[in-house]
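Could you have a look at this structure, given as C-alpha cells, before my questions?
Order as written gives the chain letters A, B, C and D; numbering starts at 1 within each chain.
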Amino acid sequence: MQDSAILLIHSPDRKGLVAAISGFLYAHGANILHADQHQDEELGLFFMRVEWALAGFDLDERAFRAEFPPVAERFEMRWRLEYSARPLRVAIFVSRYQHCLADLLQRYRSGELPCRIPLIVANHPDAQPLAEFYGVPFHHVPVEPGQKTEAERRQIELLESEGVELVILARYMQVLSPSFVACYPERIINVHHSFLPAFSGAKPHHAAFRRGVKLIGATAHYATEVLDEGPIIEQDVARVSHRHDLDDFIRAGRDLEKVVLSRAVRWHLEHRILCYSNKTVVFD
Amino acid sequence: MQDSAILLIHSPDRKGLVAAISGFLYAHGANILHADQHQDEELGLFFMRVEWALAGFDLDERAFRAEFPPVAERFEMRWRLEYSARPLRVAIFVSRYQHCLADLLQRYRSGELPCRIPLIVANHPDAQPLAEFYGVPFHHVPVEPGQKTEAERRQIELLESEGVELVILARYMQVLSPSFVACYPERIINVHHSFLPAFSGAKPHHAAFRRGVKLIGATAHYATEVLDEGPIIEQDVARVSHRHDLDDFIRAGRDLEKVVLSRAVRWHLEHRILCYSNKTVVFD
Amino acid sequence: MQDSAILLIHSPDRKGLVAAISGFLYAHGANILHADQHQDEELGLFFMRVEWALAGFDLDERAFRAEFPPVAERFEMRWRLEYSARPLRVAIFVSRYQHCLADLLQRYRSGELPCRIPLIVANHPDAQPLAEFYGVPFHHVPVEPGQKTEAERRQIELLESEGVELVILARYMQVLSPSFVACYPERIINVHHSFLPAFSGAKPHHAAFRRGVKLIGATAHYATEVLDEGPIIEQDVARVSHRHDLDDFIRAGRDLEKVVLSRAVRWHLEHRILCYSNKTVVFD
Amino acid sequence: MQDSAILLIHSPDRKGLVAAISGFLYAHGANILHADQHQDEELGLFFMRVEWALAGFDLDERAFRAEFPPVAERFEMRWRLEYSARPLRVAIFVSRYQHCLADLLQRYRSGELPCRIPLIVANHPDAQPLAEFYGVPFHHVPVEPGQKTEAERRQIELLESEGVELVILARYMQVLSPSFVACYPERIINVHHSFLPAFSGAKPHHAAFRRGVKLIGATAHYATEVLDEGPIIEQDVARVSHRHDLDDFIRAGRDLEKVVLSRAVRWHLEHRILCYSNKTVVFD
C-alpha cells in the first residue's frame, strides 16, 4: 500500500466542479488512484471521494490546507482531507456478547482493519480475557441504574485521553445519552440485530420470530439521538423458515451482525462514507 | 405427474401421531411420495403434509372421509384432504400495473402453476388486452369513491359464479373490506412491495428511499382484516445503494414482487402452506 | 428524462486524464448528470463513463466529433459517444422456451428497456403469437442440420436490413458460428443457465443436479467465438437443496435467467458496459 | 436442551417404512422432537432423520441395538444411532491462515458447536497462541517435501490417540493422501474458497478474478480421494464487481469460508447429514 491522501467533498451541484477539483490535483502532480462521485439530482447535491498517491504530489498537508480553500469556497464545498498513513484511533464498546468483539479483534490482528484500537470499554467484565489476548487495554465501566451520567463521564474521559476518533458499539447493550452521542457525530457505529426500520428497539429477534418473517437482518448505522434511527451504512439478511426456532434466529443473526458491522467499520476507516439527509453515500 | 392425494394436518403434539397416520396410510396401500412435518415446541403443536400416489391406494375420497375421522378425532386433528388432479380455481385482481399479472399468466401458460384461472377482475381497463391474449375472461369492475361496497358485491358474485377458491391480488391497488376478506380466509394472497413489517401501507418504495435502506424487499402474505398484517408466506430482497434513485427502487422492486408472489401462489396451489398464530408453515 | 450524451472512454492510465475530460466538457457548458470511472492498477488502464445534459451544451454531434479527438489523442483514448435520444435497435433470437422472450417483451412494453425491437428471429414457430401480441415482426428461420451457414446468412440479412445494433439470445438453442459472432463483437448478449465457468456447455441443470450443488446460477455474457467463454456481464444464484428435483432446478433457473438477462440488456442499452481482458466494467 | 437420541436411516424406498419406524418408536414410548425424511424418486431411495427425547423412552442403547435390527432388516435399512449427550470428538487442521480457526474456536467457546475439540494439528506454528488462548492442545506437525507419509502417520497417531471422529480442514493447505482420507470416510470436512465445481484446485480467487465473475463463492464438502470432488455440504456466494481487486476477492472470500464451514460443521455435529451418490441430504 502506497501512502495516499483522500479528499471527501460535499457541495451543491454546479457545472465545473469536477474540472476544478481534478484540475487542482493535476496542477500539483497528483496521481489519482481512485475517484468516485455521486449526484443527488432531487436535492441538487454533489459528493466526491478522490484518493491520490502522495509520491509526486507537491503539496504537503499544510500547503494543501492553504491552497485548496479558494477552490472550495468558489463552489461552497464542505471538504475533509485524510491520509492513509494516519489510521483512525478506535474504541470498541461491548457488554456480554463477544461474537462481534472477537470478530473485530481477529480482523484487526490480521490487518484487515486499518486503525489503532487503544481501548475496549465494557459494562461487564466478561470480555477481559479476549481483550488481553489481542493486547488491547480493557476498561470495565459498570453502568449502574441511575449512574449512567457518571459512567458516561468516565467513558468520555477514557475516549478523550486516548484521542479516540471512532466508537464501535459491538453489541453494547446500553443506550447512550444524547449528550454522549453529540460528542461523536457520525463517529459512533452501532449494529442492530434487525433489518431496520423493522423491529427497532429491544429484542428484535423475538419480535421477528413472533411476526413470522422469512428473512432476518442486521443493520450497521451511525448512532444519533434517536435510537435506531441514524443513517444506515450497511444491511444484510439471511433466510429463515418455520424450521428455525428463536435460537436459530439468534445464531444466524450473530453471523449477520459480524459481517455487517465489520464492513461498515472498514468503510469508515477507509474514509468511504459521507452522510446527508440521514442517509449514507458509501464509495465502495 | 402421477395422480396423488395430499393430507394436511394440524393438531396438538402427541406421542403416536406419526405412527397413527403412517399406519393408517400403509394399511390402505399408500405409496408415500413426500412427507414433511413440523413441531412447534413452544406451543405444543404438530403439523404434517403427506402426499401419496393414488395408484394402489384402496380408499376413494368418500371412503377416506368415512374412515379417517376416528384417527383424526383420537388426536384432535384438524385436517384437509386435497387431490392433485383437482386444481384450484383462481381469480387474479389487478389495477394498472401489469408486471405481476403478465408474469403469472406466462407461468400459467407454461404449466408452472397447477390451477385454472377462470377470470381476471380489474378496477381499470388497461389489462384487458393481456387477459385476452392469454385467453382469460376479463371483468372490469370500477371502484368509484363511496361505491366500494357495491363493487365488492359485484366482485363476490363473479367469484362465486366461477367457484373461485383462491384470489391473487397482483398489485391490486384497492384495500378490500374486512367483510370481503372474511369470505376468503387464508384464500387471498397479496404482494406488498416492501420487506414487511417495514414500510407497511402506501408508497413503501418512497419511504424506503427516504430512509436510506441498503436492501429493498417484497412480501407475499395472506390478506387479513388488518392491512399488511396477515401471515407472511414469502419474502425476498435486492441490494440497493446511493447510486439507485427512486425509479431504480421501483424497477428492482417489480422483479422481487413477481418472484415472491409467484412462489407463494405455487406453494398455495400445491397445498404446501399451513397457517397458525398468524404465521405460515411452508412445506417446501 | 432529459436528452443526454454519454461518453465512454478506455485508455492507458495517465495523470491529468480526468482534468482534461472534465475541463473539455466544462468549457463547452456541459451539465454533468453522472460520472463514474475505474482504474485497473495492475494493467495501468483507465475507464470512464460520463453523461451530461444536452441542454446548454454548445457542441452538436458533428462539432464534438471534430473537437474532442485532439484531447483523446493526447491520452491515447479509445472513446465512444452515444445519445440517449437514439435508442439502440435490437433483435431477439429465440427457440422454444419463451420465458425470457415474454419477460423482455413485457419490460419493453412497460418502458423499462430503452430500445427499439424491430424483429424477433426464431428457429421454431412457437413464439409467433407472443411476438404478434407485442407487435414485433416475427421471422421463422429454421436451422436444419447441415444448413446453418445458409440460415445464418438469412439471419444476418434480416439484421442488416433492420440496422440491428444488439442481438439478444433469449435461450436461443443454436450455437452461432464464429463468423456470425465476428459480425457483432460485444454486441451479442447470451444467457447461460449456470453459474459460469461451472457447467458450461449443454444441459447445465442436469450437471448441477448430478453434482449436488447447493446453489444454482445463471450468467449473462457477451458471445465470443468460444462457447460460454465471453465477458461476463451479470450473474445470480438461487439456493437449492436435496428437496429440489431436476424440475425445480429448471424452474428456479428460469427466474434467474429472466432477471440476469434483462439486467445485462438494460445496462448495454444504457451504455454502461466496457469490455477489456475478457471482462466487463459495468458502470451502474 | 433435553437428552435425545437421533436415528439416521438410508434404505430402498418401500411402502410401510415410516409406519414401521414410527410404530417401533411409539411402542417404546418415544416422544419425537424432530423428524424429517426425503425420497429420491429417481433412484428409489428413502432417507430419514428422527430425533426423540430419552425421557420416557424405554430402550437404552444396548436394548435399542438388540431390538431395532429386525425392523431394519425387513426394509434393508442402513442406520446409525447417535446420542445428543455424546458430542463428537473433533480435530482441526490448519496452516497459516487463521480466520476459520479463530471463528470455529470462538463458536466452540460460545457453545454454538456441540463437540469436544481435543487437538489442533498444524503444519506451521503460527496458530499456537490462538490454540492456547482457547485452551486446545496444539500439535505442530511440519510437512516437509517428500515427508508427507511420515507426517500423516504422525497425524493419524494423534487422531487415534484422541479418539477423533471428525477432522475439519480449516484452510489446511496440504493435500491429504488417499490413504489418509480412506481412514475417515465422510468424516473430513474441507472448505474450498470457490463455488465448486468452478475453480477447483489451487488459487481459485486468482482464477475467479481473471475470469471476471460477478459472484465469488465458498464450498464446504467432505474430502474424498479426488481433490475438490467430494459431496458438497454447503455453499454461499458474495457479489463482486470491477471495483473489487484481488485483495477484495480474498477478503470477501474469507467471510464466506467462515460461514460456510461453520454451518457444515454444525450440521455434521448435529447428525443432520446423509451422503449418497456423492451428494448430501442435509436435514435442517
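In the analysis below, a contact is a pair of C-beta atoms (placed from the backbone, for glycine too) under 8 Å apart; a residue touches a chain by one contact, two chains touch by 3 or more.
The structure displayed is predicted, hence computed values, not measured ones.
**Student:** Going by the stated contact rule, which chains contact chain A and chain C alike?
**Tutor:** B, D
**Student:** Could you compare the number of C-beta pairs in contact for A-B with that for B-C and name the larger?
**Tutor:** A-B
**Student:** Name the chain whose C-alpha centroid is farthest from the C-alpha centroid of chain B.
**Tutor:** So the chain farthest away from chain B turns out to be A.
**Student:** Going by more than half of the contact pairs matching by residue number, which of C-D, B-D or A-D reproduces the interface of A-C?
**Tutor:** Selected pair, repeating A-C: B-D.
**Student:** Compute the distance, rounded to whole Å, between the mean C-alpha positions of chain B and chain C.
**Tutor:** Chain B and chain C have C-alpha centres separated by 36 Å.
**Student:** With centres defined as the mean C-alpha position, give me the chain A-chain B separation in Å.
**Tutor:** One centre to the other, that is 42 Å.
**Student:** Quick check: what residues of chain A touch more than one other chain, meaning two or more?
**Tutor:** 41, 243, 284
**Student:** Mind pulling up the chain C residues that touch chain A in the complex?
**Tutor:** Those in contact with chain A are residues 15-16, 18-19, 22-23, 25-26, 29-37, 39, 41, 239.
**Student:** Which residues, counting only chain B, touch chain C once they are in their complex?
**Tutor:** 98-99, 102-103, 106, 110, 112, 129, 133, 243, 251, 255, 259, 284
**Student:** Touching chain B in the complex: which residues of chain A?
**Tutor:** Against chain B, the touching part of chain A is residues 38, 41-42, 195-199, 211-215, 217, 231-237, 241-243, 245, 277-282, 284.
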